[in-house]
Amino acid sequence: MHHLERFKKYGRIEKELARNLLAEFFATALLRFIGTGVMAQFVLSRGASNSPIQINIGWGLAIALSVYVAWETSGGHVNPAVTAALFILGKISLVHSLLYFVAQTIGAALGAGIMYIVYSEAINAFDGGVREINGPNATGIIFASFPQAYLSNIGAFIDQVAGTSLIGIFVAFCCEPKNQIPRNLMPALFGTIATTISMCCGLNMGSPVNPASDFGSRILASVSGYGIQLFTVHHYFFIVPLLAPIVGAVIGAYFYQFFIGLHLPEP
Amino acid sequence: MHHLERFKKYGRIEKELARNLLAEFFATALLRFIGTGVMAQFVLSRGASNSPIQINIGWGLAIALSVYVAWETSGGHVNPAVTAALFILGKISLVHSLLYFVAQTIGAALGAGIMYIVYSEAINAFDGGVREINGPNATGIIFASFPQAYLSNIGAFIDQVAGTSLIGIFVAFCCEPKNQIPRNLMPALFGTIATTISMCCGLNMGSPVNPASDFGSRILASVSGYGIQLFTVHHYFFIVPLLAPIVGAVIGAYFYQFFIGLHLPEP
Amino acid sequence: MHHLERFKKYGRIEKELARNLLAEFFATALLRFIGTGVMAQFVLSRGASNSPIQINIGWGLAIALSVYVAWETSGGHVNPAVTAALFILGKISLVHSLLYFVAQTIGAALGAGIMYIVYSEAINAFDGGVREINGPNATGIIFASFPQAYLSNIGAFIDQVAGTSLIGIFVAFCCEPKNQIPRNLMPALFGTIATTISMCCGLNMGSPVNPASDFGSRILASVSGYGIQLFTVHHYFFIVPLLAPIVGAVIGAYFYQFFIGLHLPEP
Amino acid sequence: MHHLERFKKYGRIEKELARNLLAEFFATALLRFIGTGVMAQFVLSRGASNSPIQINIGWGLAIALSVYVAWETSGGHVNPAVTAALFILGKISLVHSLLYFVAQTIGAALGAGIMYIVYSEAINAFDGGVREINGPNATGIIFASFPQAYLSNIGAFIDQVAGTSLIGIFVAFCCEPKNQIPRNLMPALFGTIATTISMCCGLNMGSPVNPASDFGSRILASVSGYGIQLFTVHHYFFIVPLLAPIVGAVIGAYFYQFFIGLHLPEP
């Protein structure tokens, strides 16, 4: 008997919730692992190795691959905004949604942490060992989003609601069987949407659009050398990417339903 | 009963035309929302955040996603040139075509308007609050197409006929069942075509190829600070992207039919 | 009766060869139309509007779209190298192959010519009306391939054999039903291969890999202002992209067969 | 009888192992041929012809195309790390795995060698005939990976384990039928993963993640003018891309199984 079959016999998790939380944890770790690497490669090479288009495409690939990985288990939310849209659409309970958020956030922290290890020598060579979020040797943006200097936190909130509404629209779109999107192409579609958002709503604050990815990674970086400034900077800006995506995804899901979904012709 | 089911019971639109116009409105708003953001990110970062390839790909993604969203309702034209080609092919009546154009134009104005709000702080930081269409702080191109200085309006007309003919060719191509393009991949194909046009016919005037997107957004910008110059500039250039794409799409559809479509072998 | 149906009744071509030649003519015109535009946008903007990656991707899209357009008629060769590989594989006769070559070459000339008109004002603004193939205002590369100064014509021949062998390999690959590539994805695959060749074999001479596209467009440009130097330059270099791709495609097709195809396991 | 049919009658290899080794040899040659060309175009044009994004995408296309070519024969491993993950999953024996490695390495050497010929004039024009791995005229990176100066070999090992774990995760993912990934899209998925790794784990040492591709090509270059320094440089760094990917792929495959695969719900 193959050793993985033997493990399956004794170690397999049969409880759906546990299995789903583990999948969300793993997939969000994968998402943030890739995403953090994409940012690190851009920042640490001062744009020589990755340019903005690689950030756009890299995050899209991170989403597509991480959603695929958990697709047949938890559905591969990897983003509390997706979970929120699915809650509004009646696909998941509130309690499960909150547990998903916890699993996603811990996963994001872990994924960012592993990539931190991969690039620790590179970061030290870049900043001489002093972690900063401002100035020419700043590396904070590898782990968390920051607003442009001109941006108010209200403007940031609007930005994230607008950007994440695209996610909400397409979560509702995919949930509608009349649209006949093949199930196994949906993760690729969500990757495409992440790339799109990053190309049209990326200027103001880098389009985090994912509370777990931004918050989990921010905590990890904060306790690993960047300090409390990751949370206090720009009048506690960190709250914006934590809350606004939830609002945006819910608005997007309703928009799709009210303008299109509810009126779709019967086949 | 889920609250969306309840809404569906009372609020669902059963009239096909109304449903289609609402879908065209929403989808074209989505298209111009994304497209305007892509342009804003390029202009306001002075090319640091988006480069021309992101404009090419970003508009392609905008087309693909917006066509998908309305695909099973109105067919996701989101462009009067597409509607014109389908009119020539006998798929839509003239009256419905004109109503589609109105819905698309209003949608484009709204989509551009929402993105204007998202980037209002960024635009103010860029131009100090003075909206311009010329000079180093010009931002007009975010909302409407402009010709190169060397280009005559006749040359511009030829450019748009040539570019949009690609759309007409592939609208006719997709309407032909013998080509066996899977229905749910067609919106992705149209996104690809938009990217292609932007890479081969983008130099002279930025390949608007969409009267509703260009005109609707131009009106919005005109009444929101850019003024009447958006229409008077370059000898009333705005008429070119309003009319030429219709001509180009019709020519393209006929070209496909006369060179290929009508002679396709029977299966 | 719809006017296109009426035309079909009287104008439809029933002879297979005529229909195929018309399709090859049209599709190769489309290919060279797009490709010429991609090059023009790069050259005339001095790299500001298109960069090398857009040339790679733009030619790939040109191939994919033009192959799709003729796919269900002639098979969308649009390249005598493809025709040559299919001849070796026994899918087309020698006489038909030669006629395809003529149709493809005329199509390429026409496609390049139309894009020449689209960009005529831009080219005049760029070079002041003097067409050149050398120096800072050279525009010849828009219409035909040129070798790097260091390259011998023997080196150029090797380059084109190597590059085009990729086309031959995948023509043979797609002809083998055991590979189970869905018929309607094959044109996209050939676009991908064109992009790949342009990324790995583009430095020495710009990877023309298509005798019809290079030769047809070269004739058109030669009689439209660029003169006979398009043929005499670099010791009659033009012969290389005319002959080498045929050799490369045949070698590639045999390579696939000898290393893989002939030994594929029975299902 | 067509001459290829005649060859098939007499020359067809019926033994599965021989056929598979030939396929791995050919496919890995194809992979390294394309990959070497992508690197050469970048290095020899000093970034003018290819930029980092073309390296990311070019290697992804190289993987996708080479995996497709051998897909229905050997399964298109083209990478000992893939073979190792499949060994752990019980899909291939140890002896066959080792033979695959030999075939892949010889293939990589040949593929790199052919591209060396294609670019020999270009390389001579670039470095004046003196092959170097350091300094402004260094070309060694065309054929083999090198670490950044700041990187320890332990850091390099961690980098490769992390990067290649993505391959292991998705090999295990694709082997699980419950994920319902269409068989003929899997090679494209592996190309996507190669692009992703190159965007997130490419800074430290260029993400070789393939022992055969790196080692085979390194041997070829070493005996073709670059000398023994390709092996001695950076404290025998070459061992890292030879061993670490095996470890990473195995870890990735187990990670997928323990976090997701073993707990997948029954359909």
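A, B, C and D label the chains in the order they appear, each numbered from 1.
Note that in this section a residue touches a chain if its C-beta (ideal position, glycine included) is under 8 Å from a C-beta of that chain, and two chains touch if they have at least 3 such contacts.
Small disclaimer: the values here were computed from a predicted structure and weren't measured.
Undergrad: Going by average Cα coordinates, which chain is farthest removed from subunit D?
TA: B
Undergrad: Rounded to a multiple of 5, how large is the rotation, in degrees, that superposes the C-alpha trace of subunit B on subunit C?
TA: 90
Undergrad: Would you mind pulling out the distance in Å between where the CA atoms of subunit A average out and where those of subunit D do?
TA: 29
Undergrad: CA centre of subunit A versus CA centre of subunit C: separation in Å?
TA: Each chain reduced to its C-alpha mean, subunit A and subunit C end up 42 Å apart.
Undergrad: Give the residues of subunit C that touch two or more other chains, as numbers and ranges in rising order.
TA: In subunit C, the residues touching two or more other chains are 51, 53.
Undergrad: Examine which chains touch each other and state the graph shape they make (line, ring, star, complete, other).
TA: Topology of the interface graph: a ring, with each chain touching two neighbours.
Undergrad: Any idea which subunit B residues touch subunit C in the complex?
TA: Listed in rising order, the residues are 51-53, 56, 89-90, 148, 150-152, 155, 158-159, 162, 166, 169-170, 173, 178-182, 192-193, 195-196, 199-204, 255-260, 262-265.
Undergrad: How about subunit C: which of its residues touch subunit B in the complex?
TA: My answer: residues 2, 4, 7-8, 11-14, 16, 19, 22-23, 25-27, 30, 33-38, 40-41, 44-45, 48-51, 53-54, 57-58, 61-62, 64-65, 68-73, 114-115, 117-122, 124-125, 183-184.
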